[in-house]
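Sharing a structure, written as structure tokens. Questions coming.
As written, the chain order gives the labels A, B and C, with residue 1 at the start of each chain.
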Amino acid sequence: MALAKELITRLLAGAAVLWAAASLAFIVLQLLPSDPVQVIYGADSTVTPEMRDRIRADFGLDQPLWQQYAGFVSRTVTGDLGTSYQQRRTVVSIITSELGSTITLASLAVLLAFSMAVLATLATAGRDNWLRRVISSLELVSVSTPAFWIGLLLLTFFSFQWPIFPVVGDQGWKSLVLPVATLGIALFGTLSQVMRNEMDQALEQPFALTARTRGLSLWAVRWRHALRHALIPALTIAAETFGALLAGAIITEQVFGRPGLGRITLQAVRNQDIPVVLGVVLFSAFVFVTINIIVDLLYRVVDPRLRARA
Amino acid sequence: MTNLSIEMGGAGKATSRLRRGRMPLGVVLAGLILAFMAVCAVAPGFVAPYDPYAPDLLASLKPPSTAHIFGTDQLGRDIFSRVVHGASYSLYIGLCATALAVAAGILIGLSAGVAGGFIDLALMRVIDVLLAFPGLLMSMAVVAFLGTGVTNILIAIAIASIPGYARIVRAQVMVVRTSGYVEAARVLGQPPMRTLLRHILPNTVGPLIVLSTLGIGSAILQSAALSYLGLGPKAPTPEWGLMLSEGQGYLRRGWWVGIFPGVFATATIISTTVLGRYIKALTDGRA
Amino acid sequence: MALLDVRDLAIRFVGRSHDEDVQAVRGLSFSLDAGECVAIVGESGSGKSATARALVGLAGDNALVEGSVSLGGRELLKLSQRDWLGVRGRNIGFVLQDALVSLDPLRTIGREVAETIERHRLLPRGEIKGRVVELLTQVGMSDAESRLGAYAHQLSGGLRQRALIASALSGDPGLLIADEPTTALDVVVQAQILKLLNGMKQAGKALLLISHDLAVVAELADRIIVMKDGVAVESGTPQQIFSNPQNAYTRALLAAIPSARTRGLSLVTGTGEEANKSVSIVPQLPVLEVSEAVRIFGKRAAVDDVSLTVVAGETLGIVGASGSGKTTLARLIMGLEAPDTGSVTLKGADWSSLHERQRRPLRHLVQLVSQDPMSAFDPRFTVERILDEALEARGFERSGWPERRLALLKSVGLSETHLSRRARQLSGGQRQRVAIARALAMEPEILVCDEPVSALDVSTQAQVLDLLLDLKRRLGLTIVFVSHDLGVVQHVSDRVVVMNEGRIVEEGAVEEVLASPRHDYTRALLAAQPRLPEGVAG
């Protein structure tokens, strides 16, 4: 009962965030200095005023402002994100056609980054030795190095110096290796730092000492007790990680010339194709809100202390 | 995310190590690198041997040599000179964007935290909404709105980092407001305005300024990424991200085109992060 | 030969250089047999916890442990890391302070108690659950089977401490080490846990008890070792230690324990004039009145229909367990919290109903000394600025501040040299003195002390209590003294109110209430209070 109530509150809050995001998007559209006709036809002076008006009517730009707003919000609610100025396709169809490629890339990268972070955390938390110094230096490099440069380095060495993997294009799993590595390496540092920090703290808690007085080795204390504590902050930053993934996908797809959500976003930004930009923004806000709701529910599974509070 | 990750990394062990030793070697190194970058930014002509814009098509894509220590690019320009000139863009954007974002963040966070009630609720909900967008996507949306260029990506990066700072300030205001010493001031009968200026403001802004030294690194990272995506300055500007994007097509013929701008960018970002963490650990250790 | 035999134990924590090395323990020897209890008592930094940890090989990576520790004839200090794992849990059980953090908060107590059994493969899988239930029942947990799935935070303080003890017993070790096992608990629960430990001893376990509190170990221990700065300064039976302490430190420690016996005496010197007690307040002038005050948080009434009067010049003790509402009551008196219904009046005039703006000019009349002085000071401020802020608030001429600062510091036993320090550079006792000095700068009539000494060691506590009573005598202060510690309240108070679940269950002169309590709760509280045996040399 309490859980259902909690869930409804969460869903309502999420809906409110999305509504606010849509309103913000609408305001941005209104403030836009450029006329969509301008964007579509560029500086083409042969466009007659009649054509201009027809295009404006097509996009509903001749209606009063509040009607446009109501229409925009109600369309957004039904999943209609409008039509691209540039491609004359619906934004939704553009996003869905590109989504698969990005999801493959992102999920493999998360898997890679998470596995590396867990290993690094288990191996170095609560210790002060050379391995820890090496790994925390790697994390520092990971969070400080521009992702596109990681991609370029991988390309330079593994495609040009030693042609193991293809440069661009879609050649099955081989063309996935370098993009996944790029994105995974870029994500690893953040995850690993956050998890280890938490595990460090867990290992200094009295319960870790208690576990050791039961005869558990340091390794067993990490594995059986502290790791679970380290997963909590990994959950906390899950939504942020999603943001980082999307940002990373934009860059990785550009470096390796892959199709995907990132590429269409970049194209839209370059061409000032505002409906697509806002569509991607709203889509990411939707995913962000959804992830946050799921994370809130998962917290209860991982951390029993939260269950009692509800 | 970079803000958070950088913030977490230095905690715990770093402070204990600090207390035991002198200034760590890494910090000294980071300081030297940043000093060098600062010289490059302020007086590039002093460091760079060639004109960063002068093409020499006869000497295009030459590997590193004594004449061109980082080699030359596709137009035969000296990569070292271009990389040196590039420092000013990154440092300028990094510093200004962070300063702008921190100032706005303090203003918003402080008003929300101090005012409380409806203003707090409204401001924080807006912040929540803005935080729902990935930073890079948000700066890209702003660029889509404003157009490309150095000033515009500076503003875009600043806007994208405001929500994070505002939230940190607001959280810190909450901590300080309910602290024992603010209550002690109340027990002494100090008026609230004096308490705000004397206790809340310094104890909120101080930690944030320290934290913002870490933000500079991530702002530089963002600016390099936006430039790489072609949303920053236009060619032939010697900006690091732009140089890498232009050089990408020539990697097969010259690895050095793709190495050195990245080395400079990464070295700068790592150095600000290392220095920022050191300052943070120092101040944490004292508190 | 004894079960546990410790000879010449020395523990050194190795720092970066020789100067930073800390000799935590030196030349400690004792032995312990089955069915026996040895207690190591000392203040913080005495080396008692380091000793406990060294006995299970967990003193830390930077600890250098020398000497000899033999358990059942086996030398432990020569064990390899691997062999240690077989000893911990199996031969030695270990109980830490607070089960809320000493049990893994993410695991059920069933799994926590089973861990030792699983680790040492003591039973086949199928039999573990039954054994865990048996163990939990054995430590006095009723309905153990249904509680297997509970987490530490879902249990009361007493129950989870029992679970922690069960987990230490699960490997059936011959030796049980308990490091401050009752410190986080209320007195009533503490008494139950001590009884449980006593049962373990009776059942043949060897018990090594570590505590900062002599009174706690008095009934349980067969021998007591008093440690100071890493050295055992005295050891003997409780009888010897309490009635005829040989060492000056032990004597000071015993004298420093506040109780009904110490009323009117200095806790530091053990001497004192009964004079102050004769300052019976002749006109009985009420200076502060709380009437029918109710303060509700959520659904719970933290303060429930409380009325009391504070008379000028008296010390009113407010005593109760944690959660009894005593701190909320103190905050109502301070005007930091407003009652939902009822009122607080100060010197016959409105206090709780005032607008903060109207209350501000009167605030100097009631000043606060809180439990945690560290957080009560702006971390950036020096002692000088801390005092100046008060002097400014009181409206003193700036030219007179230097003189006043020095006078204030002197009155709390500090000196000019402390002016430039920040709170973190002071010891706990010094911080509390600065907090008192700041309160005095306001020239208050009432001083509200909320658990002012509960974070301090016994000897520091003694100094601060002496100071408070001395100031009260000299300045004619009225003190409202909030504490969970009956002994402290008995020592300082003229009158006492006993709180339980937000209500005052009993009040009156301290001698009467605590000598012949009328209410059941007061009786339970008194019965549970650990006390030194009669005939303690004061």
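Before moving on, here are some points about what is shown:
Following the convention adopted for this analysis, a contact is a pair of C-beta atoms (placed from the backbone, for glycine too) under 8 Å apart; a residue touches a chain by one contact, two chains touch by 3 or more.
Since we're looking at a predicted model, the values are computed, not measured.
Looking at which of A-C and A-B shares more C-beta pairs in contact, the answer is the pair A-B. Seen from the Cα centre of subunit B, the chain whose own Cα centre is farthest off is C.
Inter-chain spacing, taken between the CA centroids of subunit A and subunit C, is 49 Å.
One simple way to say how far apart two chains are is to compare their mean CA positions; for subunit A and subunit B this gives 21 Å. Taken in their complex, subunit C has these residues touching subunit A: 53, 56, 58, 81, 85-90, 92-94, 96-98, 101-108, 115-116, 119-120, 151, 153-154, 164, 167-168, 171. For subunit B in complex with subunit A, the residues that touch the partner chain are 1-2, 4-6, 8-9, 11-13, 17, 125-126, 128-129, 132-138, 140-141, 143-145, 147, 217, 221, 224-225, 228-231, 241, 244-245, 248, 251-252, 255, 258-259, 262, 265-266, 269-270, 273-274.
Of all residues in subunit A, those touching subunit C in their complex are 205-207, 209-217, 220, 224-225, 228-229, 302-305, 308.
Against subunit B, the residues of subunit A that register as touching in their complex are 16-17, 20-21, 24, 28, 31-32, 128, 136, 139-141, 143-149, 152-153, 155-156, 160-161, 189-190, 193-194, 197, 200-201, 237, 240-244, 246-247, 250-251, 254-255, 265-266, 268-270, 272, 274, 277-278, 280-281, 284-285, 288-289.
Residues 15-16, 20, 334, 336, 359-364, 366-368, 370, 372, 374-381, 389-390, 393-394, 424, 438, 442 of subunit C touch subunit B in their complex.
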